[in-house]
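After this come two complexes, each holding subunit A, first together with subunit B and then together with subunit C.
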Partner chain A sequence: MASAAIPRRRVRIDLAIATVVGLLIVVLGFGATVSDRFATTANLLTVAEQAAALGFVAIGQTLAVLVGGIDLSVGAMVTAANVFVASFVHGSDVLMIPGLVAVLVLGAAIGLVNGIVTVRTGVHPLIVTLGTASILNGLVLLYTLQPTGKVPAWFEDFAYDTAFGLPIAGLVFLIAAAIVALVLARTGFGRAVYAVGGNYEAARLAGLPAERVTLMVYAASGFFAALAGAYYVSRTGTGDPRVGDPMTLASITPVVVGGTQLGGGKGGILGTVLGVLLISLVNNLLNYMNVSTFIQWVVQGLIIITAVSLFVNRGKRL
Partner chain B sequence: MTTITEPVSVTSPTDLARRIALPAVLVVLIGIATALQPSFMSGSNIQDILTQAAPLGMVVLGQTLVILVRGLDLSVASLMATVAVLATAFNATSNAMIPVIFVAAMVLSAMVGLASGLLITRRNVSPFLATLAMMIVLQGLRFAYTHGAPAGSLPPGFRTLGTGQFFGIPIDLCAFALLFGVLGLMMHRSALGRQIYIVGGNPRAADLVGIRSDRITILCYVLSSMLAGLGGLFLVGYVGTVDNFVGRGYELDSIIAAVVGGVALSGGRGTLAGAVTGALILVVMFNIVIILGLPIQAQLVIRGTIIIAAAALFARNARGA
Partner chain C sequence: MIELKGISKSFPGVKSLDGVSFEARAGEIHALLGENGAGKSTLIKVMAGAYTPDEGTICFDGQERMWSNPRQAKDAGIHVIYQELLLFPELSVAENLYVGRPPRGIARLIDRKAMLRGAEAVLARLGHHLDPRARVKDLSVADRQMVEIGKALIGETKLLVLDEPTAVISGREADLLFERMETLRAAGVCLIYVSHRLEEIFRVANRVTVLKDGRHVATCPIAEVTRDSLVTMMVGRSLQDIFPAKPRPAASATPVLSVRDLRMAPKVRQVSFDLLPGEILGIAGLVGAGRSEVAHAIFGASTRDSGTVILDGLLHDRPTPRVSIDAGLGFLTEDRKGEGLLMLLDTAANISAPTLKGFVTSGFIDRDAEIQAARDEIGRFRIAVPGPTSGVSALSGGNQQKILFARWTRACRKVLILDEPTRGVDVGAKVEIYRIIRELADAGIGVIVISSELPEVVGLATRVLVMREGIVTGELSGEDISETAIMRLATADMADLAATAAA
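Take a look at the complex of A and B:
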């Protein structure tokens, strides 16, 4: 089984990535004919900047899915981190950096709790993270129903700033993605993620620290969701108790579109990055075509259906 | 997987303890609620609670069926709202239109369930993704149709369906009881019910003994969608107005109710009665939040805690579902 699976897996990943790349080219070409302003450097850079938040969350989600789980608490985590940073810092210059550090640590810690509950109780991560999401959302809404808090002006600039002519947020996303991709491809931890996602019991029996790998993956997912929350503070300058609501479901689409299979063990970050770019470009293009947000939802649903129907998963299911 | 031959019988002392534990928890909660506020046990309050709980109960019945065949239906809440919008689309003022609305709603629901079921069985899409995609598509179509704000009107009789009484019993509760009875008979007294348990317990074995597990699975999704559609219609009748989010949160609540009621997410284990008890536990807990004067957001925290706690309680082995 293992010897037969390896070559087939390579072909599958390439197929998924090739499809997404093809679709990206189609969308760019189609967009260029529909609107003069779509295929311009300025617009594409804007897309890269706006893709960052989804990108951060999707990196974490990819890890959770790779290890055979899923993280449905990311949206609530984005919200909680967003409100936490804005309320904690409250416009203070001095507290800004400590606030950022604290929120990333807290995000990782809450993710770690997800992992611990999943591993120790054997409850499906779907249920655990849904529960965490409900608790986080409840706590945030108990704290505030309105946007609250603020951050220093220099931090607000950060979201829209550029470095070397490229948006900083997009750069941070690409660097983070590159680091995670390298870790997955080149380290023992990365190989363990695939092994645990492929077959938890087998990985454990082979002496891999399956529990620890799972814990670290959920911690990473929490970390990246918190990063997205912090980034939203920079964009909007305030803490919005609703900001993360759409992020949970939105984060799953690029992962699946990029060829990472629910159930674990197959896929990778490159596909997710391409998936994020594709989703962001499609939404941007639909905006240019004056297609309503509502139809954009329909399109997103159809993309999921198409993606998952194309790359049929004959193995495990979530 | 271990008990596919006798899915509903008591097999061990632990099972027995579990079966007693659930109603016991419910009784204790009712006791707490009554102690906090004696009027909780008054006839009118109980009627209110059950009237509100009936639509959720219908959704829970369907959710249980799909969980039993190793699935999950995340589209139920979105479907409830879509059915509600469909009901107003007729802009009917006469009660004679009510049967038409029901038939249209059931046809739409059945088609949605069929689509989910086909994606899951024929294309091997995970139930989570298939129903998630269905949820998003329905939501988009609904908003695109209503442009964000539903406008049409409902026949006056709808309100009676949601709030009226039949010999002192809420009408929606009667409808729920009827559905519960019929489905209960189906699950425990018919070959179809046994096949559902076998497919959920071990789909490959089901195929080997000649059960068309694909068809059984599709049927469960169709039933789940139709029950959600019915729940949506009765809920609209209860609320009296239609917005784009009728039934919001019911997908999560119905899953929680099933899990609390001992329905295993790994499939093949659990009963409708258990899930309905789970739903009642949930409803009574939400009522206690209100009695205590806690902000409504506290319900979210409680929901999250209950679902993790209940799932952990029922997790049988280290890796569970």
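Take a look at the complex of A and C:
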């Protein structure tokens, strides 16, 4: 009867992506008129590099939101990972690689615990991950109130190095995004993520591994947050007990701006990547315009509301 | 009371109503009949102001009206009770009755005493005993419907539309509903009653209008039609052709499924039965008898407390849905939207869900193979869907159900449990679903059909288990299967049964 609604889903996703692309173009065009240094290759590469940390966290957040949840522990995880790597390695060449491996495993493990508690107790992930965030933040601040630890100089270079003329951090982000996007689009796991996000019980009764998928998604989110934390060590050379504070909410912005639906089941990585680029570009542009950091917050808020209200499904039918 | 003339309403790609005229009078119960997709819901929504028709006029209570929103229709005295009730579960009965227009007292504060008095008066008018202070979430579905009807009374309703109200309640509750409808009719209200269930229409309706494919087929007094003529008007098919002949499984065969002393508190107290390959076993009983829960416990949708299940010679212990599917068991849920379809995924993904592993080569889903398989199933089950990659949420109940049948016939090798397989499905699709069930049995699969529709159980099953309050109260087979025999067992008092058995 109302079969007219069938193509709507596709249209809406495209609409979200089109909106973000449109905004990207507007920002680029506007930036080029405001500052002649903005729309240069060198600057855009810098943006790609600066986008990486937010990008890593946002990939994990996208997965958590897609599966119908949310991960509010990512900011604390970034901080914990950051402090852990810097203090564990403490300038030692030998411990650098083991430290990186350990932090990624630990991040995934803590994420897994988030998933297990969510699935087993039925407590909403918002609450579970909020609790985890509080625990992690508390532990870090018990350990240190000051920036602490350091890493070998060669690892610090890593954050600013390029490969094939492109910043390594940006490349790693894009490769990670491409892999996750491929997994979501083409594998059974990805299919299950969308199915579980749409309706957990229906997915479970259809024989899809609903529980395992939920666990894996939170593990992945922890992994990517830990990766972002490790990356911050490389950028700053030290472990900062406050570095991840703004990351939790910041990671949700590109996800929703990119068209992934809170509640789950719809959306994807492409939108998130574009959302990350948009936000990083805007922040970069505002830096060029020499405005206060707090203006960046205001603008981010405007972007969320504008972008999402442009493509959201208006006028719910009965 | 209401007269619609030449109503047309199109949605992109579909003409849902095509020049439909319809009139209903005060003091009558007018049945609106038609298959899913015939345009009943659209017509109701046009009356209720939820849709604006592309063409045509609406005349209500002697005046030509064109609603631009549901509020206007409501203020004029049109009240629609949709299948999904629009109640607030956390509020009380009285608060729900007066939602949006509570009696005001001093300083425009809600006058709770007046509200309770009014609620009591309305419930008394309905002849329904219900505590106006009770929270709606604690009420049965039937009681909630009464609250909805009560809302209509408070709003000085002249036209009350009921959209398939009996799809969600038991037979005895339906009897009560019909009595209340009769009370309202006698009080001069015009009732429009939408249902798939022909037998109900003969019980309650004064006149009937049949729609088919968005067009008006006929409007007649109920005395001038028969079941057969109505079915013919709706589908162009006669009633005898609805049920296929019953299969005859070899009685000597080893059971493909044996259930012993199954318990799952609180709904399943003790259930034991065997199922032969190629058999269609009906499980009948009133709503709440524990039938669906038996299916859940066997399939592993919920965890059972105790009991043994043997599936094709192997112990089926502590199953999860995945384990059950791998063991050859399928379960088609009664709750299509809540537990069945993956509403955000496309048709192909819905069909392939339990058998997705079969489409995965070297880690990736072979999407072409998946789509091809879906295309085959769409053809085989004659699913009216634009293509394998179209969504499922906007399809009619019958087509959605066929998608689930396609899913489970692919996945299931030994036993298929069907819980209310034709709920919310039109007559045409029912016939096809019955044929599919028969084909499954012919292929040697043991089929369990749980159904609240007695004609369905009688028409399909080779053997029937009847449940009441979590216990199997009896088993019928062959010629003994009849609606009266089932009802007797379904409502049986345990003491009576024991006495009969002793005698």
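Here is the rule we go by: the second predicted complex is superposed on the first by the 304 of 318 C-alpha atoms of A that agree within 3 Å, B and C clash if a C-alpha of one lies under 4 Å from a C-alpha of the other, contacts with A are read in each partner's own complex, and residues count from 1 in each chain.
Quick note on the criterion: a residue touches a chain if its C-beta (ideal position, glycine included) is under 8 Å from a C-beta of that chain, and two chains touch if they have at least 3 such contacts.
Treat the numbers as computed from the prediction; the structure is a model and nothing was measured.
In the superposed model, A:292 lies in contact with subunit B only, and not with subunit C.
In the superposed model, A:123 lies in contact with subunit B only, and not with subunit C. By the touch criterion defined above, A:42 lies against neither subunit B nor subunit C after alignment on the C-alpha atoms of chain A. In the superposition on chain A, no contact is made by A:94 with either subunit B or subunit C. Using the contact criterion defined above for the overlaid structures, shared-chain residue A:199 touches subunit C, although it does not reach subunit B. Of the two partner chains placed by superposition, only subunit C is touched by A:209; subunit B is not. Partner contacting the larger number of subunit A residues, of subunit B and subunit C: B. In the overlay built on the shared chain, the residue A:139 is in contact with subunit B alone; subunit C does not reach it. Note: residues 201, 318 of subunit A belong to the subunit B contact set and to the subunit C contact set alike, using the contact criterion stated above. The residues of subunit A lying in touch with subunit B in their complex are 70, 117, 121-124, 126-128, 130-139, 141-142, 200-201, 249, 252, 256, 262-263, 292-302, 304-305, 308-309, 312-314, 317-318. Contact residues on subunit B toward subunit A in their complex (touch as defined above): 72, 119, 123-130, 132-137, 139-144, 147-148, 252, 255, 259, 265, 295, 297-308, 311-312, 315-321.
Across the complex, subunit A is touched by residues 11-14, 16, 36-37, 39, 41-42, 45, 50, 70, 299, 301, 321-322, 324-326, 331, 333, 338-345, 349, 353-354, 356-357, 360, 363-365, 367, 386, 390-391, 393-396, 407, 411 of subunit C. Within the complex formed with subunit C, the subunit A residues making contact are 1-9, 186-188, 191, 194-195, 197-199, 201-209, 265-266, 318.
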